[in-house]
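Think of it as A, B, C, D and E in the order they're written, each chain with its own count starting at 1.
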Amino acid sequence: MTDRPTGEPLVRLSGVNKWFGDLHVLQDIDLTIDRGEVVVVIGPSGSGKSTLCRAINRLEAIQDGEITIDGTRLPDEGKELARLRSDVGMVFQSFNLFAHKTVLQNVTLGPTTVRKQPKAEAERRARELLDRVGVGAQADKVPAQLSGGQQQRVAIARALAMDPKVMLFDEPTSALDPEMINEVLEVMTALAHDGMTMVVVTHEMGFARRAANRVVFMDAGRIVESATPETFFTHPTSDRAKDFLSKILNH
Amino acid sequence: GCSSDAGNQAEDAADNSAAVETDAEFEAGTTMAELNEAGAITIGTKYDQPGFGLLDPSGTPEGFDVEIGKIIAAKLGIPEDGITFVETVSANREPFIQNGQADIVVATYTINDKRKEVVDFAGPYYEAGQDIMVAAGNPLGIAGPEDLAGKNVCSVEGSTPAENIRTNYPEATLTLFDVYSKCADALTNGQVDAVTTDNVILTGLVAGNPEGFELVGNPFTEEPYGIGLAKGDQEFRDFINDTLEESFEDGSWADAWDATAGAISGTEAPEPPAVDRY
Amino acid sequence: MQFFVDNFPLLREAFLKTLSLSVLAGLLALVLGTVLAAFRVSPITPLRGLATFYVETFRNTPLTVVFFFIIFGLPQIDFAVGFFTGSVLAVGLYTAAFVCEAVRSGINAVSPGQAEAARAIGLTFGQSLREVVLPQAFRTVVPPLGNVLIAMVKNTSIAAGFAVTELTASLQRLSNANGGDILLVLAAVVAGYMLITLPAAYVVGRVERRVAILR
Amino acid sequence: MSAPVLFDLPGPRARARIRVATVIGALLVVAIVAFVLVRLGRNGQLDPQRWSVLFDPNSGVPQALWQALLRTLRVAAVGMVFATIFGLLLAVGRLSDHRVVRVAVTTVIEFFRAIPLLVVIFALYFVLPSFGIRLSTYAALTIGLVLYNMAVLAEIFRAGILSVDRGQSEAAYGIGLRKAQVMRLVLLPQAVRRMLPVLVAQLVVLLKDSSLGFIIGYFELLRQARSLVEFFTPRFGNEYTFQLYVAAGLIYIIVNVLLSQLAKYIERRSRRSPKTAATHAVDLTDLPSATGQTSI
Amino acid sequence: MTDRPTGEPLVRLSGVNKWFGDLHVLQDIDLTIDRGEVVVVIGPSGSGKSTLCRAINRLEAIQDGEITIDGTRLPDEGKELARLRSDVGMVFQSFNLFAHKTVLQNVTLGPTTVRKQPKAEAERRARELLDRVGVGAQADKVPAQLSGGQQQRVAIARALAMDPKVMLFDEPTSALDPEMINEVLEVMTALAHDGMTMVVVTHEMGFARRAANRVVFMDAGRIVESATPETFFTHPTSDRAKDFLSKILNH
């Protein structure tokens, strides 16, 4: 799925630790994500899934350990950090579209200001991406005029516009009305099949089974299990995972 | 249907101005020469003293102080449109002179020793005295400052008359506004028993409301009004003193009075004071 | 130093005037403002209109103009008031408009769900107001109210022009009399105001933290 | 339309009670107005001649008030522009990562928020000259208004910036924008739009505060009205005093109400325009922390 | 399940219409709910489910038609309305616990102020109810210290404390983290089995299948279908219902 011959993983976390005050939210996390791999992260609320995601983008600083992306250590600040971040697409639970800009402007802002693409080219490409996620017709509306599902698809297009090496999704469907969840999951599934490297925090087990190469189960700041969806859903090894699956699957 | 007493009166308003000395000559290097050369002078005056310095509705200063200023300017060969009037309030008369923000200050400016330490005075050009204004008929029978004990007397914060009452007649209750027009209103409304300040100002207030106010007419201080100028400018001071004396002589001083304070109060021009060349 | 020794009595008097003016006007503003706020959220149109008119009028009028009307306008309808009383009235009436808005915003900030939940368990209007809405409104209202009252303390300075010898009036008097010490005069007066505003701000902060509701 | 927060939806009996209270309330209002008018009439204050001075061009009054209004507006407009600019800079400064900047900016803001504007103006005009800095009355008043209001506006803007959902800045960082870009392209545009009503409220305050120019003798509206009173007093006594102050008060109210209406209009328009619908101007009530910042 | 012999339904809506301005949000609604019946209301967003629930409690006034509870016409206002409301328990999506009161005070407020129960008795009963919904240990905390699932269970206890004749639930689990959904649904299922009359707006189809006697499907302000869960999920008759179910079930 990747044309680069290197065996180096795209994202590597080693010995990562993070505290919020006294709270040890990430504990000795080691995780590598290969090119084209789709990793689904699940776990109970407060287990540190969001923090993990945000740490990879350095929206949260870590206190210990190392995170590298495509072999580069995550810089601490400044231009290099901004450049690296633009290689990592992020999609949030609450969409976070820029409320004062149109859909099209949301998608072109990054390419024009960060990548210094000419406006016309950025817009052409943006329209392409909006079509791809199925909201091409909404390009000139503002986020508030869109349904939640449409907004989230725009957010995906916005992230894709930067040609990211890896995409992070933090519970992308949990703020959506039930009827809209599928339209977003379909876009994500298509992305996965196109070979995008993805880290997805979600409670949608259907998506995990369908699209993930690997499921990572977190609890209390630790990675407790890491396995293929097959193995994880049928034979979870830890008690916490068993317990969690029983809670989440039987309704 | 838009006529008012004020409008009608404004229409009859007369106009007067001093004759400008067109061929004035001054010794080079003096202040007079500089001002004459520039054709411009800045005069500080008050904008809230009826009869002495007040803005008319069009924003032009008028009053006795203003006329005195014009007489001096004319003598310097400066036409009326060369005069810039700036408002000086009690608190900034000395700084304005010291900093050169005003060439002279004609602003009901009482000559006293403390002020002489920082500025010089020409004149006096008028002798005022602190007096008391009461409601018409003088219901409380106030005849002089001694009668103010226990009464509520109005004046302006930071003014010499107020300070005088405070130190010499401590039994009086002082009510201090920032302008005398408020004192007049307060007296009309019965909120104070009397108003005290220089008689010329009180005369103006009485003139506006003869049915409401009356002057006790017993001045109990001497307030010689001088013209403030930069300390040490002896030539300029002499020049102004000469000019004043000349105006006393040739009647322009009396004309100025009649056109301003006199017109308001309906009083004849008094005897001019003796200039004090200290 | 001599300057302070000489003028201490005047400065102390002036400070106490500012303080008492602030306290009395503040009380008036709190009481009247709360009543107005009740009017503004009431379903009775004329009361709402009256309160709205009041708030809009006072909010859009300079305090100095309010002073004029209280001190020199009231006598025109045959109510002459003393100058200190008049100043308390002017500052209090003016500030009441802002207190009203602060209280109203506090009431509006209580989430509608809270009042609905109260009604849903069968509380009557009075009960839901007393048990649920007002206790929460009070907590949100502390910071804006505190700021309004602190701003009010500064606004009392306008009474200087209306025969109240408070701090700003003493600034005018002393700077006329002590031209050379004008900076000292200024420092003393500024310190006088800060002696009221800074502790007030501190107290507001403390109260705010104490009554804050975990959300 | 939506259910009121405080009250239950009124039923028929409640509606009847409200109607009765409405009538009583209306009578009360009418009674107050009638009382005031009767008393004013008895004191001769309603005499048409006394009011006509306000409209009689021969008296010079309308022109004088108009010119004074222009001066007031000029001070307010210039003051507002600079107060806004400096307010924005201070707000950004107070959110800076550098401690020194933060502390310095905070000190400036807190200082000017702690002392009365009247004292600031007084100091600029009467105290600065002893340091060789001389300001005209216009400059002193304008600078005073700017210093005081920039401090207030800085706090308003800060509250506005902080009120923008954190997700907005995270999303902006996420696509690789840098701190200054995030502030300029994402946070400030939304903060300013949200803060518009508070901003206009502050403009009203600033306009009102220009009347404090009286202490240094700047001829703004109120000082002009007083000057007219002083001019007429020796000639007509207090014939026009009440009328002139009423006129000044009414002009302030009219101008300020127009300003507030303008703000409401802009807000409504921006609500309708989908572009800003999402960043709709927040009601003051949504932002207790921001309401707390406005001066009064 | 009920000891009253009367055949009169507990809740009856007949010819109910409601507009928000021009928007006709409830259109000719006829619905009867018998004692002990559990009715699940489903339908797309904006179809009027919440409004229906709120109308039964007169949190929204209706413009036309009639609503009776236990034979009494819903009063318009005042004490009678308050009394009737205390017979109708309501559980909101966003919990709406009184933020300034402890959990125990939340539950006792109604009984002490409305029912004038002595404080001690109200507290005893409140603790019982809190134990029953599994949050007895949290009685002295304030709502903000509780997880969403715990808060919602307190809200249920608060409603139960008034001994309501019927309970209304408006999407009680949609603000909850996935692991907490079950703990709330379990409490609700238990209630249903104990014979409580319930109207539940929810997207939890598992609960509908398990606990409902009847499913009511709303669309655009109308009741489009009303059937047993069996029939509804296997043979929906209307196209709208089929479409809705396809969207909501396949993920």
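By our rule, a residue touches a chain if its C-beta (ideal position, glycine included) is under 8 Å from a C-beta of that chain, and two chains touch if they have at least 3 such contacts.
In this text, all values refer to a predicted model and were calculated from it rather than measured experimentally.
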{"item": "Co-neighbours of subunit D and subunit C - touch as defined", "value": "B, E"}
{"item": "Joint neighbours of subunit D and subunit A, given as chain labels", "value": "E"}
{"item": "Two chains sharing the most contacts, counting C-beta pairs only", "value": "C-D"}
{"item": "Chain located farthest away, centre of subunit C as origin (C-alpha)", "value": "A"}
{"item": "Chain whose Cα centroid lies nearest the overall Cα centroid", "value": "D"}
{"item": "Euclidean distance of C-alpha centroids - subunit A vs subunit C, Å", "value": "52"}
{"item": "Subunit D and subunit E: spacing of chain centres that average the CA atoms, whole Å", "value": "48"}
{"item": "Inter-centroid spacing, subunit C versus subunit B (mean Cα positions, whole Å)", "value": "40"}
{"item": "Between subunit B and subunit A, distance of the C-alpha-averaged centres to the nearest whole Å", "value": "81"}
{"item": "Two or more partner chains touched - positions in subunit B", "value": "91, 95, 178, 185, 188"}
{"item": "Interface hub residues of subunit E, defined as touching at least two other chains", "value": "59, 78"}
{"item": "Residue numbers of subunit D (touch at least two other chains)", "value": "3, 8, 10, 14, 126, 130, 214-215, 241"}
{"item": "Listing of all chain pairs that touch each other, if any do", "value": "A-D, A-E, B-C, B-D, C-D, C-E, D-E"}
{"item": "List of subunit B residues in touch with subunit D within their complex", "value": "1-11, 47-48, 50-51, 54-59, 87, 89, 91-92, 95, 99, 101, 178-181, 184-185, 188, 204-205, 207-209, 211-212, 264-265"}
{"item": "Footprint of subunit C on subunit E - complex, ascending", "value": "57, 59, 78-79, 82-83, 85-90, 92, 94, 96-100, 109-110, 113-114, 142-145, 155, 158-159, 161-162"}
{"item": "List of subunit B residues in touch with subunit C within their complex", "value": "90-91, 94-95, 118, 154, 157-159, 163, 175-178, 182, 185-186, 188-191"}
{"item": "Residues of subunit D that touch subunit B when the two form their complex", "value": "49-50, 52-53, 55-61, 63-64, 67, 125-126, 129-130, 134, 137, 214-217, 219, 226-241"}
{"item": "Residue ranges of subunit D touching subunit E (in the complex, touch as defined)", "value": "1-3, 8-14"}
